[in-house]
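Shared between the two complexes below is chain A, which has chain B as its partner in the first and chain C in the second.
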Partner chain A sequence: MNKDTLLKQGAIWAFIVVELIFFSIAGSYLSVSDSAFMDFDNMLLLLKQSAPIGIIALGMTIIMINGNIDLSVGATYALSAIILLDSMTWPFMQAMGDWAIPLAWVFALLTGTILGAINGLIVWKTGVDAFIVTLGSMLGYRGLVFMYNGEQPTSHLNWTLVDFAEAQFLGLHTATWFLLGAALLLWLLMTKTVHGRNAYAIGNNREAAVNAGIRVGPHFLWNFMLIGFLASLSAVVFYSESGSVNPNDGMLYELWAITAVVLGGTKLTGGYGSIISTLGGVIAIQLLRKGLGHIGADTETVNLVIGLILIAVLFLDRQLNRKGKEELKT
Partner chain B sequence: MTDQTPVLRLEDIVKTFPGVRALDGVSFSVLPGEVHALMGENGAGKSTLMKVLGGILQPNEGRIFIEEEPTVMTTPVQAKAKGVVFIHQELSLADELTVAENIWLGELPLKSFGRVNWAKLYEDTNAILKTLNVGFDAKTRVGDLSIANQQMVEIARALTVDPKAVIFDEPTASLTDAEKVVLFDVISDLQSKGVGIIYISHRMEEIFKITDRISVLRDGQYRGTLNTRETDEEEVTKLMIGRSLDLSRNESHHEMGDVALEVRGLSCGKLYQDVSFNVRKGEVLGFYGLVGAGRTEIAETLFGLRDPSAGQILLNGQEVRIKSPIDAIANGISLVPEDRKGQGLVLGMNCRDNMTLPQVDDLTAGPFVSDGAEIAIFDQYRDKLDIRTPGWRQTVGNLSGGNQQKIVIGKWLSMRPEVLIVDEPTRGIDVGSKSEIHNLIRDLAAQGYAVIVISSEMPEVLHVSDRIVAMYSGKVMREFTSDEVTEDSLIQAISGITADKVA
Partner chain C sequence: MAELTKQGIGRVLAKQGILIAFVVFMIGFALANPRFIAVDNISGVIRSSAILGVMALGVTFVVIGGNLDLSVGSMMSFSTIVVLDLHDKIGPTLAIPAMFGLTLGLGAFIGFLVGYLKLNSLIVTLGMLSAIHGLTLTWSGGQNMDIADKSGTWFSVFGQGNIAGVPVPILIFAGLAIVLSLILSKTPFGRKVYAVGGNGKAATFSGIPRARIVFLTYLISSFCVACAGLLQASRSLGSQNTVGQGLELEVLAAVILGGASLLGGSGTIFKTVIGVLILGFIQNGLLLMGLAFYVQYVVTWVIIILAVWLDIAAKRGRLLSQIA
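What follows is the complex of A and B.
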């Protein structure tokens, strides 16, 4: 790895360090609570809270490296959550006792995978841009969410499930383990396997990939199934604990996921990006939210600041990538 | 040679597109160990034919034989598996990936669980790169390589299989002379292994240097095959365009006015240093040099696309600062860029809108664009430049290269410039239209425009210029008048040999 890539991939982690220092110092003057920001439990909680959007953002990284985008993940997330909770109330499932839990998980994960496959098939077979396809399915899937239970929340609390979700293994919460596990597997997928390397090639130069005999359509299908699966995995992890889903849950998750991916340095046009950097992006956003809350800012301010930082980061990235004064103006 | 089995033989290939018969019964064969040139004007069907061979397009009629076996190829991968490798003219590389990944794209070596076998990948790649004698290794990111080295990566792709026939589509378009030598070595190496090579190029001197036979296409039809040793440029050109070509020096001299543009000590970082020259009204100044000598960068600086780090630009004796193309246009400088399709035209727009693009702000009737004024401008320059198009509604992308170039020139003439810079005016333009563009450039000078022509083709520079500036790696080496210049002295100057050493 040369200096250039180190700089590119290290930037997000440097940003996280800056945030930590800033909030620790600012927190000691401004904080409304007594505890320090860099408190160990606080950091563990931060990782746990990063998990729902984080798991989705990891999948979004692959989709975006492909040069596509998936706007329907928020709706997929909500629908999977409903299937998870509602399926446990079905009579035959209730008869199974706690064995209903793994089955409910399978149902929820299948839901996400199937919804993803629908996206992927449409992108493959029609050739319509993924942005448009998933914009449509975002509305459509959200429609399904409302059809299921109207405006009513869907609730079901299973205490065994809650215990599992709240468990801590080696100090880390269940949700954190899922986030880190997914990150590790996807990192291996993207760096070590042919499927992952082809994803980069397709996003970078699609024509070259086609000419080299890579079957782009089926490749897209697999990746959309993967992100669908991850969106429902995210739902499974989160709603195992909370036990109640509103039909509006998961809205704007697609945009938060994209924000984290872009902050992590993945190119919007595809062909470049990294799973690990996305993980950094997710943590950086969660740190900002938590840190600004810690020093007493309200939600509106938090969103404003995150938005400004996103633009500032992309501008900085552009400046760093310029070739100096000799460059051709555009 | 007749008793050899051709590695590749085409029989009556027909390919039609809606409304066009792009290939009309083309037959020819490539023998093992021969370099077979395929020539023809743009639009003659060379690219289509090669796409048929490379498995990208399917012929409507006709048959392809590989070593006398009838073959159907439906994908590039299938073609490659059968030993027919197509090296594209336009680079089709993924620049974020490594050299190795690009070379083996679509067929990366596998381990268990779909994992890439990196060790084998790098080893195999370095073995191939060694035969190509290049200065980079398998792990280099392709985006970090020069265009020429990227071309080498493209060529390395051909060597991953045991090829029977390799198709080179204008491989030297972006190579320097030294790199060409390496390429020709690679070709002769393939030749000695009994590989048949199809070589497409517009450059006659290369064709005569390395090929054994020349097949010519015109308007999608096969016009015949010549043995390179028994023919000359004249005959090939005649076959291609149906008449012979004028390659003489520029003899005409017309009245020249004052100095229109003067450049003193202009530098731009590492791109070029201390460049000084001037051009008078009514004069054509040629810039000749190798790719990367800094010629295009000077043009871009004059047009406000780059900021110079030192030096002065004087227009009619007054120093000007040009910070953007808007300044340049306001000062009467126009640039006809090198990359016509990418930088010069909006391909999806019609002829009229392309031509009036820089001045459409001024062509208004009330709040709306004035159609009449636009059409009037288009008609004027269509007649003046003899642009052949069915009408102004024609989409520019559908015109031939020569007519496209005329649209770009017309666009800038309609801005009434004083200095017209033309970068590679005939790149990708067929032989017939070339001389037309050359005559147009001479005419423009005669009308009092100061014209700067940048070109990599010696006949072109000799043909149109009153004076020639020779550049080598960012520096002006020598200036010649059209009377004193010789081909030898020009070549020496652009190779970095100074005048006094020669004398």
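What follows is the complex of A and C.
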């Protein structure tokens, strides 16, 4: 790893450290609560709360390294959640007792994977840009969500499931384990396998990748299935605990996920990005939310601050890159 | 010869496909339910499409210039809340220009970032979507905004009034569409927007100030958003903070449906209006058929994909893509 990549990939972690210091100091003056910001339990909770958007953002990283984008993940998330909860009320599932739980998970995960596959197939076969394809399916999948149960919330509380979702293993919550596990697997996928190498190659220069014999279409299909799977995994993790889903749930999740990925330094144009940095981006956003709440700022300022930070990151990134190139010239 | 006519048909379909689809749709719905083409129904659909439509007009400029604008929905919430709040504080006569000023200021900020600083428009407007939402919530304190004296204000004329029997929202939509269409097709500025979006580098080399043109497209977009906010506020005289949430993507859907390429350089105001009307009439037609409002989402999905696919397919001369 040379100095340049170290600087780029380290930036998000440096930002997290700055946030931690800032909120700890500011919190000791402004906070109304007695506990310190860097309280251990608070940090554990932070990781848990990062999981739903985080798991989606991991998948979005791969999609964006490809040079694509997926705007439909929020709707996929909602539909998988509905399948998860509703399937447990089907008669044959109820007859199975607690064995219905793994089956319900499989149904939910299949839903996400299939929705992702539909996106991937359309991108592959029609050649329409992923932005437009997923913009369309964002509406379409949301329509399916509403058609499933009208405007009513879908609820089913299974206490075995809730206990599992709220459990802590080695101090970390179930959701956190899923987030970290997914991050580890995807990191291995992107850094150690041919598929990962191809993803960067396609994002860098699609024509060259095609000439090198990479089958771009199936590659896209796999990645869209992967992000669909991750969106439903995120739903599984979150709704196992909450047990009730509204048809509007998951709206704007795609934008939050993209924000986290961009904060992590992944390029929209493709070819550059890292899973670990995205994890940093997710944690940074959640820290900001929690931190602003901790120092007593109104929750609405979070949107303002995150939006402006996103633009600032874009600006700084551009300046840094330009500076690097000018140094090369001389 | 048969080959030639086939090509000819293909070209006509590709060029006017969206118009033909529109006519087919209208006839289909009209046959299914004659009430669909009643004058009051049609005027009702156009009236309720006006807000989305006005925003789509501005976004058309941005998209032709080769950029995206995801901030229009949240900006529309902002102008609606601001004008409603100021209405009771400084009176409607001052509130409207003040709201236009603030909204144009936001547009100018985005235009500066994307035009002069050359930042990626998708991320800038994504960031602004979030930031403006925060701004709106800060302004309103998270509360719904309502005009105190709803029956005693002339402010409702923009959203609810009629002039010579025509609803004012339709007049504003039509008026803006005509003016912006003329600007886009008949002025040097309009030609420069196409040039910048079609090939930014070539435009720069031929002396077109790319930054200023992009800046102006965002200014136009925010002006349209301000008009939409005015219509929304005046129609309901009260509003939630999230009134425009999600509209950015519906607006984009209408613009894409009208055939503007997201790569920039193509699209017209007329086609965008058709795109807006298609969305509006589909929604209305499905409702008249007794289907729930959310069925239109699924239908819109299929239509968008088909429209863009057929457009691309006609250009490359084959249906399926050549991606390996």
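In the analysis below, the second predicted complex is superposed on the first by the 322 of 330 C-alpha atoms of A that agree within 3 Å, B and C clash if a C-alpha of one lies under 4 Å from a C-alpha of the other, contacts with A are read in each partner's own complex, and residues count from 1 in each chain.
Operating definition for what follows: a contact is a pair of C-beta atoms (placed from the backbone, for glycine too) under 8 Å apart; a residue touches a chain by one contact, two chains touch by 3 or more.
Everything quoted here is computed from the prediction, not taken from an experiment.
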Which superposed partner A:D41 touches (first chain B, second chain C, both, neither): neither
First, second, both or neither for A:G140, with chain B first and chain C second: second
Contacts of A:F131 with chain B and chain C, given as first, second, both or neither: second
Which of chain B and chain C A:T259 touches, first, second, both or neither: second
Which superposed partner A:E300 touches (first chain B, second chain C, both, neither): second
Partner contacting more residues of chain A (chain B vs chain C): C
Overlap of the chain B and chain C footprints on chain A, listed as residue numbers: 214
Chain B to chain A touching residues, read off their complex: 56, 75-77, 80, 88, 92-97, 101-102, 105-108, 110, 113-116, 268-271, 300, 304-307, 309, 324
Complex contacts: residues of chain A adjacent to chain B: 192-195, 197-198, 200-201, 204-205, 207-209, 211-214, 271-272, 324-329
List of chain C residues in touch with chain A within their complex: 70, 113, 117-120, 122-124, 126-135, 137-138, 142, 245-246, 249-250, 252-253, 256, 262, 292, 294-302, 304-305, 308-309, 312-313, 316, 320-324
Complex contact set, residues of chain A against chain C: 71, 122, 124-129, 131-133, 135-144, 146-147, 150, 210, 214-217, 220, 251-252, 255, 258-259, 262, 268, 298, 300-311, 314-315, 318
